[in-house]
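Structures for review follow.
Each of the next two complexes has chain A plus one other chain: chain B in the first, chain C in the second.
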Partner chain A sequence: MAATATQNAITLKGSTEIVSEFFSFGINSILYQRGIYPPETFTRQQKYGLTLLVTTDDALKNYLNEVISQVKEWLQQMTVKKLVVVIKDIDTKEVFERWQFDVECDKSVLSDGKPREKSEKEINKEICSVLRQITASVTFLPLLESACAFDLLVYTDKDLEVPDSWGEDGPQFIANSEEVRLRSFTTLLHKVDAMVAYKKTD
Partner chain B sequence: MSQFNFENELNSVLRMDAPMSKGPSIRWQRKEECNASVNSSLNISTASKTPMKNVNRSVNNPKTPSTGSGSKTPKSQGKSKTPAKAPKTPSGGDRFIPNRNATQFDLGHFKIMNDGKGDNPELLSPSQKEFQKVMSENLNGADIMSNKIISYKNKAPSAPEGYQNNLRVLYSSCKSPVSTAKKTTRNIPQFPERILDAPDIVDDYYLNLLDWSVTNQLAVCLGGSVYLWNAESGDINQLMQVESQEDYIGAVSWVKEGNYLALGTSSGEVQLWDVTAGKRLRNMPGHASRVGSLAWNSYILSSGSRSGSIHHHDVRVANHHIGTLNGHTQEVCGLQWSPDGRHLASGGNDNVLNIWPAHIGSLVSETSPIYTFTQHQAAVKALAWCPWQPNLLASGGGTADRHIRFWNCSTGTCAQSVDTKSQVCALLWSKDYKELISSHGFALNQLTIWKYPSLTKVSELTGHTARVLHMAMSPDGSTVVSAGADETLRLWKCFAVDDDKKKKQQQKSSSKDSSRVLSMTSKIR
Partner chain C sequence: MNDNTAVIRMKRDFDKFISGQSGRLDLSQSVGSDDSSFMNITSGTALSVKSMLEKEKDSMLKDAELSAARGTIAKLEAEISTLKTSNKRARIEFEKDLGCFKDGKDRESDKIKELKSQIQFLSSREKYAREELEEYKKIKDNSRSDYETKIMELKKGNMKLQDEVQKTRQTLSEKTTEFRSELLKSQSSLQRNINDLEESQTQLKLQQRRVSELTTEISELEEHRTRANLLEQQLKELDTKCTRMEEDTIVTKAMKTQLTLFPDIEKEVKKLREQNAQLREIQENNMLLKEKAESLERKLERAEKIYTDAAHLDTENLALKSKLQKWEQVEKDGKSPSQLAKRLTCLQESEAVMLERQGQLQSRIHSLEEHLNSSQQKLEKSITELQKEKSKVEQNADLIKRLQRKLLFVTKERDGFKNILDSYESEMTVNVAKHATSRIQHLEDTIDNYRKQVDQLEGDLQKAYSQNGAQRMDNPQIYVPVVPAQSEVDKKTILKLRERISVLEKEIEKSEEQRYILETRIEQRHLQGDYDPTKTKVIHFEMNPVAMAAKQRAAELQRLREENETLKERIRVLEESGGQAMDVTEQVQKRLQEPSSSKEVDEMKAQLTKEELKNKRLMEAFSKKSQEFREVCYQLTGYKIDFHYTNQYKVTSMYAESRDDFFVFQQGEKNDMQLLSTDFTENLEETIDLYLSKHKSIPAFLSSVTLDLFKTQTFKV
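And now, the complex of A and B:
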């Protein structure tokens, strides 16, 4: 009985873990599905009851780990507001797609420190449907004709102390874009809304 | 000065909250002002008092007596000539004669001076400021003010050089299902003249399973057996069949004279067959793995293997193996001698196209290519030498490349290239037209006829339901046979020459020649 009770309690640390793990898999899925990197550099991994593709490229892995570990820190401080994956042309720097993950933080936990009650299974189910939607979105997103690169933007609180390795950036919006809201999931501490914006093709 | 009038007025207009300095001036004042300004700023006779000028001068006063739109003046309706029309000045001429009276100098000055500092925040009214704020929120996201947008300074590693989105290969090829081929005066039949069954034809991009001899026999490899189809009579003969069940024929090639047929097998043998007798003349082993490409240069037979090596066989002598070319790291799938026999082009699965020199008669075991072209992004199977332009080679790349490239083999440069949007399986030049034909895979499985050197599409021949792996041309050059992975052979009469035209051409050439030729033609008739 006691074991199940602790499993359903979501602490801030656990919630941060869940959300950052979701970011890692989400970004990997986007990179694979949108063909930003060659598919042969990805490997299959079972997660959330899905087969997800994660990169095996060491340089890319390092980059993602570094970004996500930093984001994790901010998640814990609840200073993150958004994480945006920007896909843009390598040469012209034109932004083609923006995958936006809005993070809503329940800041009351910072003061009371009480864990929330939600089963991990339920959260995983919600995450699973978001990742499924990312995979399915390939069908409606326009084809990326030219070679593309990606960038990660993090929206944080205005008063955040920015580490040296990070720099301020613009929002990198898409001119003439179409937006599609994806599902969301919540750990009751962090709520993540997913959305993709892409360049309208006329 | 007058050029500031407009600016000042405009400023006062924009600042709605500022105290009104003056109302619209009375008509006589304006008139006077106008005349005075013209007088002072321009040394021009002021005789023409154009009421039109006031329109431009003062934004406060939009009443334009000249336009007559308001119909406030019944006079103008009654009169056919309004002062603005000015019928005396030549208006419809083709020359621009600047009229200083009509030129808005002060507006021009204002525009030049204010260029680039249009959005002076001081000049904005509170409502405009609000509007700007809302706009920037809309553009930059509602919470731009309260947020910081940051990104990691080290950017993500970029995809490897030359990597191309696979989806692009998949989708962009179907973008234009309607052929963009240009109409020509020549009629190209859009349907095959004949369709033959080719059961069990091996669906392998790296083989060369079709060749048409000068004696009008078509050799086709279907799995382990080779069939000969006589194009005149339509008879079909089975030439041979390999003994082992697992073996198959990987390449066929007719000698120029058309009496011998060379075969390459999956076990790495190169065989020579006498087709009239139906007998095997020679078996020339030597390759480590299957032979997928063959090319003749008089008595030299060159064979390319999966091991990446190319062997030269002198078919006349017992010790047939006279040379080896090692320029490919993977399977050699395209092999063609140039018509003059001076160059050998070889394409491999390693995306490399090599041009080799001919060393006939000398036993050269180690030669290096004259040129190595690495521009193709996929296997180079389709190779064809231009019959009318020496040293011009056309080569086509596989799925990831989809380009036909044209090479000048005397200078070693890429003369032209065209993206075909589909895998290029085979290439042939026309003998009679300045055209070439290419066969393709996904998505349309079509044959495309291109004009050279303009590289415009002449026609697209569709019909195959799977990729068109091989092509061969009839000895008269009028018909192209294509073999598809859908197990059919289709004959297309796409380069047919008008009979009358041909006769005329023959007459022309014969009349130029001596009587010996004339006697020959008379014999034929």
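And now, the complex of A and C:
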């Protein structure tokens, strides 16, 4: 009984862990699905009851680890508002797609520190459906014809001190875009809404 | 020549030396026999030059040897001294050693003494030991003889014992045989015993069997006992039964007596059955008779009716007869039946007329009734309409109230919308969501208000209805005429209010639409990634893949450009050499390094334009400056100097009377200035002679000219 009781309670740390892990897998899935990196550089991994593809490219891995670990810290402080995966043309710098993950934080936990009651299984189910949608969204997104690269934007509180390796940037809007809202999941501490905006094709 | 004299001189010197040396050499005679012999040889050979030379040589050698010997002597002496010291040291050491050895020797001698004493002691011990040994030997010999004798004795004993053993063996064998026989006996007895035992066992078994049989018998006996008990019980039962049976026999006897009566009874039964059948038949007859009786009764009733009818008819007949008699009497009064018939016809006609009238009247009555009914219906209708109107009026009054309240709310709402719209317009991006939420709250408040109002109104309505009903019940007549007066005023107001409501509703719809549009726009903006720059900021990791890719791209582009350049150059080289060039790459490299490459040319051009620009600016600055300078010169000296031709300078005075009054100076090869003749110089020959020809001073000449001109000008003024 004790074991199940602890599994159903979500602490801030646990929630942070779950959300950052989701980000990692979500970004990897997007990169694979949108063909930003060649498919042979990805390897299969079982997670959330799905077979997900994770990169084996060392440079990319290092970059993702760097960003995710930093985002994890900010999630714990509850200063993250959005995480955006921007896909843009390397030559023209035109933004083609924006995968936006809105993070709503229940800041009351910072004062009371109580864990929330929700089973990990349920959360995993929700995450699973979000990832499925990401995979399925390839069907309606336009084909990326030119060479593209991606960037990760983080929307944070204005007064947050950031390390030197991070710099301020613009929101990287898409001119003439179409938006689709995807599913969301919540750990009762962090609520993550997923959406994708893409350049309208004529 | 010099050499010869030198040799002679040397000889003389040597002779002198020898003569001087001879005395000294005596001292060395004691040194050794070799030296003395050497001296003899030198004295012997002193005569001839050769011998002299040899001597000289020898003496030189000797000297050398001597000095060497002296050295060796000194060395040896030193060695001797060292050896002496070492010897002394050695002696001292030796003495020391000697002392040591002496001590050692003393110790050794002491030791030897000790050892000698020990040897003596040991020899004495040896002797003593030998004596002991001999003694022991003797003892041993004695003991040996003793032992031998003992052995002999023992052998004898042994023999005896062996005999005894044999004897005992024999006895033993005998005994064993005896024992064996005994054993056999005992075995046989044992077997017997065993047999006995077996028998007894069998007997025991038999006994046991018997016991078991007995036990079984006992059990059987017990069973029998129980059975006996049972049987006794049965017996008792049977006794009781017997008694019963006896009783029964008495009964049966009685029954038998009854049985004797049975055939009689059967007969009786038969009789009774017959009787029964007869009775049934009688019953059926009876039924028939009853039916007949009933039919007869009916007939009787009919007959009675007929009878009463007959009585009636009789009475009627009597009455009619009396009537007839009366009628007959009337006829008898004097009127004939024709008159009667006439009268009858008249009466009949009048009757017909009367009937007609009656019909007309009846139809009239009907029509009137119908009219009445219709008018009544109309009345009812009008009453219901009236009621309806009343209710309408009431409703309208309520509506007015409601609408007025609604109007208030709507105006409020409209103001709210206007505010929101203004805020939207003013702050399109910032805090839109907040406004929307505030607006939604506002709307919710108004809805609540509406609900309250509706509740109130419903309450009012019910009250009004109940009151109304009561009033109508009290005074239905008073209520009616009031209605139309109110209704006309109300109608107008209602109409107005309705119009206003419709207008306001339209406005609400519009604002709702706008709100919806704005909300969707906000949602879209949110989806597009819009954010509040006052609260949030967007950051990204600077070494992100896009930046890296861009950098790589740029590097690649640069590389490709360079490659393109080399390839172009290569093509050019190939074209120039007609495709036969050897070492194309080398040439290309050379060419690329040369400044003729387009890139460098471009660079140079750019530099050139830059330089030109610079130059131009400099020129401008310079011309400006020179202008200033010339102006200053003109102001200070009173002469304006211009370029006339190459190396010719036109000098014009400030005070010149005309434009043509100027000097022209030419600069010679050695920087000397020469005045060239002009129209103006022709008038100034005196001053030229004075200043230029005599003193060769151009400044003086020029200043005199300025003074002259100044004077003439001032005089003129």
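We take it that the second predicted complex is superposed on the first by the 202 of 202 C-alpha atoms of A that agree within 3 Å, B and C clash if a C-alpha of one lies under 4 Å from a C-alpha of the other, contacts with A are read in each partner's own complex, and residues count from 1 in each chain.
In the analysis below, a residue touches a chain if its C-beta (ideal position, glycine included) is under 8 Å from a C-beta of that chain, and two chains touch if they have at least 3 such contacts.
This structure is a prediction, so every number in the text was calculated from the model and none was measured.
Participant: Both complexes share chain A, so when I overlay them there, do chain B and chain C fit or clash?
Facilitator: clash
Participant: Where does A:145 make contact in the superposed view: on chain B (first), on chain C (second), on both, or on neither?
Facilitator: After superposition on chain A, A:145 lies in contact with chain B alone.
Participant: Identify the partner contact of A:81: answer first if only chain B is touched, second if only chain C is, both if each is, neither if none is.
Facilitator: both
Participant: Once chain A of both complexes is superposed, is A:35 in touch with chain B (first), chain C (second), both, or neither?
Facilitator: Only chain B is touched by A:35; chain C is not.
Participant: Touching A:181, do we find chain B (first), chain C (second), both, or neither?
Facilitator: Touch status of A:181: second partner only.
Participant: Between chain B (first) and chain C (second), which, if any, makes contact with A:98: first, second, both or neither?
Facilitator: In the superposition, A:98 contacts chain C only.
Participant: Report for A:166: first if it touches chain B alone, second if chain C alone, otherwise both or neither.
Facilitator: both
Participant: Between 145-153, 289-297 or 415-423, work out which stretch of chain B sticks into chain C after superposition.
Facilitator: After superposing on chain A, the clashing stretch of chain B is 145-153.
Participant: State which residues of chain A lie in both footprints, the one left by chain B and the one left by chain C.
Facilitator: Overlap of chain B and chain C footprints on chain A: residues 59-60, 63, 66-67, 70, 81-82, 90, 147, 149-158, 160, 162, 165-171, 173.
Participant: Enumerate the contact residues on chain C facing chain A in the complex.
Facilitator: 524, 527-531, 534-550, 553
Participant: Going by the contact rule set out above, which residues of chain B touch chain A in the complex?
Facilitator: 139-141, 143-160, 163-168, 171-172
Participant: Once bound in the complex, which stretches of chain A touch chain B?
Facilitator: Contacts found on chain A: 34-39, 57, 59-60, 63-64, 66-67, 70, 81-82, 90, 138, 143-145, 147-158, 160, 162, 165-171, 173.
Participant: Give every residue of chain A touching chain C within the complex, in rising order.
Facilitator: Touching chain C from chain A are residues 59-60, 63, 66-67, 70, 81-82, 84, 86, 88, 90-91, 93, 98, 100, 147, 149-158, 160, 162, 165-174, 177, 179, 181, 195, 197.
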